[in-house]
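The following blocks contain the structures, represented as structure tokens.
In the two complexes below, chain A is the common chain; its partner is chain B in one and chain C in the other.
The block that comes next holds the complex of A and B.
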């Protein structure tokens, strides 16, 4: 089955029907992606992201969770070709609508950025150049991709500032420092959605905001995502945000995806010990908060060099964990890379 | 903004006042006697009576503070006195020579920016690659070669050996080349490194990455987003080095026989022509202060956050 996609047309709501949601071809397909830092002489030095695979479908919201340094943001940067010069994609494929992004020229990549894949940053203060008015920066972005007059661009920008529930005229003529964090992140949202991209990468978009503001921003993101049916890659530290809003989840540890699948499945039935511990570590506010919160043992960022990255901290680790576990499917929509999980599965299979 | 201008103008008055005391005092302390040079210039027998006459004419027989007071009184009326040597008012003399020095400095700045801008930008775009290494070496050479030596070498090479450029005089374009390049090159060496450092710092900012993520074209990233912020340290140093630019102009004017302010000042110093020296020092002082005021005002244009009293943190 082939689906031809007209790249010049923005996606509309009826492009992907709700019924065909899970059968539709993936919008973004990441296969076997590895990112390494380059040491002296441009040689591959340390592998930071190790052979990860995932797909996103149109209209899907995929959450990537994991602790700092687990490679979430690197993966996201690689998507838009904005890895720092000292890092390099060494292996793998990134396909958007079947088109390989890693082979694109810098010029083609520039055309794609913003237009087809938009990026929202964690640091809202860094989203806009501090000495240029917001409106002019949005117009600049529009005119980088579309041939429209300044006046038309201004109209469009004002509409979009309105869409993200900002006082459009005021924000348009404001400098970034004159706006609050929430307002800036809304403006960044407008900058991202303005092009009605296929995919929005939201790299911890609310980490630097207070709780209420971040809820509002995420609600807005979900609302507009639904309306324009674009996919969202939501990178977050906040498990609650991710569990509440995403369709599926990928859990990363030490540059590997240890478990991925539908959010509901993973919430109900986490298999990888890291995922389990992660879910247990959330205090449940509806119940009495226990004296001691559950913590994941070991030092954050401790990554085993060989085999499963989590092995050094894993309560269930055993000899076999020094060999890298393969991604195995569990059920229809859940995958996990863990030897201990295999063992349990074998055990349950054998006992039943 | 207006309050800043007001504050700076007050500063200007104070600076000029202190400058005037210093130059006046130093002139009086320096060895040498203007009376002798004036009288020698007439190539006549100098008698004690001649000297005494001239001394009282010039007011040298009065106490120093009275002399200073008289000079200050004239200054308030914009009268800087008359030159001992030429007999012309100092103000007129300076205004005659000012355009010549301005012509030189404009040329120097043109040369400086046309070398340092491309060099700085290229080395910022490709740090530690060969253009950067070349610019590093050029900067080292430019910063360590004294401009009078470079000037002499250039005269030797282009005027004496190759005979393609004139070694002195002014007026034609060809005569501009050697002097402007001599001074412009050493300045360009410093500025290209400054521009490089500024740009590299800007390129590492989040907002540059954000601009790229919006798909903004690379030339706009450079000129609109990065360059403006990179300019801040450049113009700061520019304001501060205005004095040395004028000082450098003195050497160049002598070397290439340009009758500008600098050579006027040197002649005046040799002849102990006090009013001219004082006039020159005052003029350069005012000039440096005014340029620095303009530099401060340009911060507002470059970064609107400064207007709010918020120093930029990103």
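The block that comes next holds the complex of A and C.
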């Protein structure tokens, strides 16, 4: 059973998104967001994500980097309203096109998920229900958001499977276990992009794949993102991927954003000691490899209770670090939360 | 309704796909099919009216007219057993269907939604499981009064809990898996996740549990009828027939042996099938 697909037809959005009106605003605006775990009696217990701010514009790719447990995935979960029951957003705002997401009802949130915000998982096996064929799952997803006939949905799914460079007809009739990891992640990409969402949250999309496949998939993601002008929030442990592809970066440590700004600026001129160490700890082929890469002192997850979260591990910490540093702008498009930033900036200016 | 339909199709396919049935399970299957056939065409097979008493021929030995002999009222035992199977098997099928239709939805909802609903259902379950199910069934049937309907109600009330527990356990472990999260992120409704993504997972364990339970339910029904809480005389029912034959046990044991054998064979065949299914479908926990 095959359906001939006319690939010459342009892929047009089947419903009009009111993009022109919102163009001046940032697509996604996160203001002062805090997430806490709830202890007994539903009282606030531990603050896991502390007062973070960032914005994403349409067509922008923002990379979030940081070690495990720094709150990257929690932020992403809060975006789609899927925090575990034991966690709660205690303050702040998440605005998509100026619309506050935290106040939406479960029903409105459900309409939004998949349709306006898509999510790509780290574990590619988890993206699809194991006992339903890929094609049927995609059709179902499509039909749950759009009123289209089964046949039209099938055509659209086949086109999208082709778009992510998969053998469409074969994948359409396969069960998830019959596909390889790379193929599944491509299919997941198709499932995410099918709705042409405003924002794609990619939570470590290639961590479970090998180096070449992950390169390919990220390239594909970038290509399709450019084509449809959607925003991407890329969460990754792989600094190279993030540096190579993103427009801007946010570095998180201990639930706080310690530095954010344009990727190029951060690569050239990292200011926060943590960012610096991260960049130095990364082997670069073009550079002469030193005998030993830089090691960030201390244990991962060692977060100071008060003041700067990185203070306990920071080689440059001084007295003032016991006070929480404020985010301050350095240069045109770079912000950093570090007391040493002023000194640093002077130093780099003088040296350059 | 579509998912109920899909559920039965899936069940059918699960059974049909099984190759290399173990010989014991095959024996059980053949026995059960034979018994179901006999039950279905029963009225054509019987040589005598199961209700007609003939005092002149009471307690007679097997003959051509009365293949298994007659009881203390001169009624044909063979005819009564064949017709009685309709009551016994019919009630069992009805009870097991009701139990599944009650137990599965409650288990799904309790496991997936959790919270207060889950605590209430599970405390109820703990309470019910603390009492032996047989004694509880006797108590409920006795409280409601002796009749077939009340017998069914009491068995359903005692039995639904084990299905709910099994289903809840599976849902609890499945709902944390990433594909359920993926379905939620994709914008699935709770109803859709439960019916499309979780329900198919519980088919094989419930199938195994149900076949193994058929034997137990037949025993409970027969026992309650034996105690006079189920089928009322003169209706033929295997348990009730056992009860009727009790006063003549020493002189005419046939009155109890034939219905007893009938119960034994049905329970045996159900258990053989159930165990075969359990081994084949890999449900070791039940």
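Assorted remarks:
In this text, the second predicted complex is superposed on the first by the 316 of 352 C-alpha atoms of A that agree within 3 Å, B and C clash if a C-alpha of one lies under 4 Å from a C-alpha of the other, contacts with A are read in each partner's own complex, and residues count from 1 in each chain.
Rule of thumb we're sticking to: a contact is a pair of C-beta atoms (placed from the backbone, for glycine too) under 8 Å apart; a residue touches a chain by one contact, two chains touch by 3 or more.
Treat the numbers as computed from the prediction; the structure is a model and nothing was measured.
After superposition onto chain A, the partners chain B and chain C occupy overlapping space and clash.
Residue contacts after overlaying the shared chain place A:115 against chain B and chain C alike. In the overlay built on the shared chain, the residue A:274 is in contact with neither chain B nor chain C. Of the two partner chains placed by the overlay, only chain B lies in contact with A:177; chain C stays clear of it. By the touch criterion defined above, A:253 lies against neither chain B nor chain C after alignment on the C-alpha atoms of chain A.
Applying the stated touch rule to the two superposed structures, the overlap between the chain B and chain C interfaces on chain A comprises residues 80, 82, 110-115, 118-119, 121, 123, 125-132, 140-141, 144-145, 188, 191. Residues of chain B touching chain A in their complex: 205-218, 220, 224-225, 228-229, 302-305, 308, 310, 312-314. Taken in their complex, chain A has these residues touching chain C: 80, 82, 110-115, 118-119, 121, 123, 125-132, 140-141, 144-145, 188, 191.
Only residues 177-179, 181-189, 192, 196-197, 200-201 of chain C touch chain A when the two sit together in their complex.
Residue ranges of chain A in contact with chain B, taken from their complex: 80, 82, 106, 110-115, 118-119, 121, 123, 125-132, 137, 140-141, 144-145, 175, 177, 188, 191.
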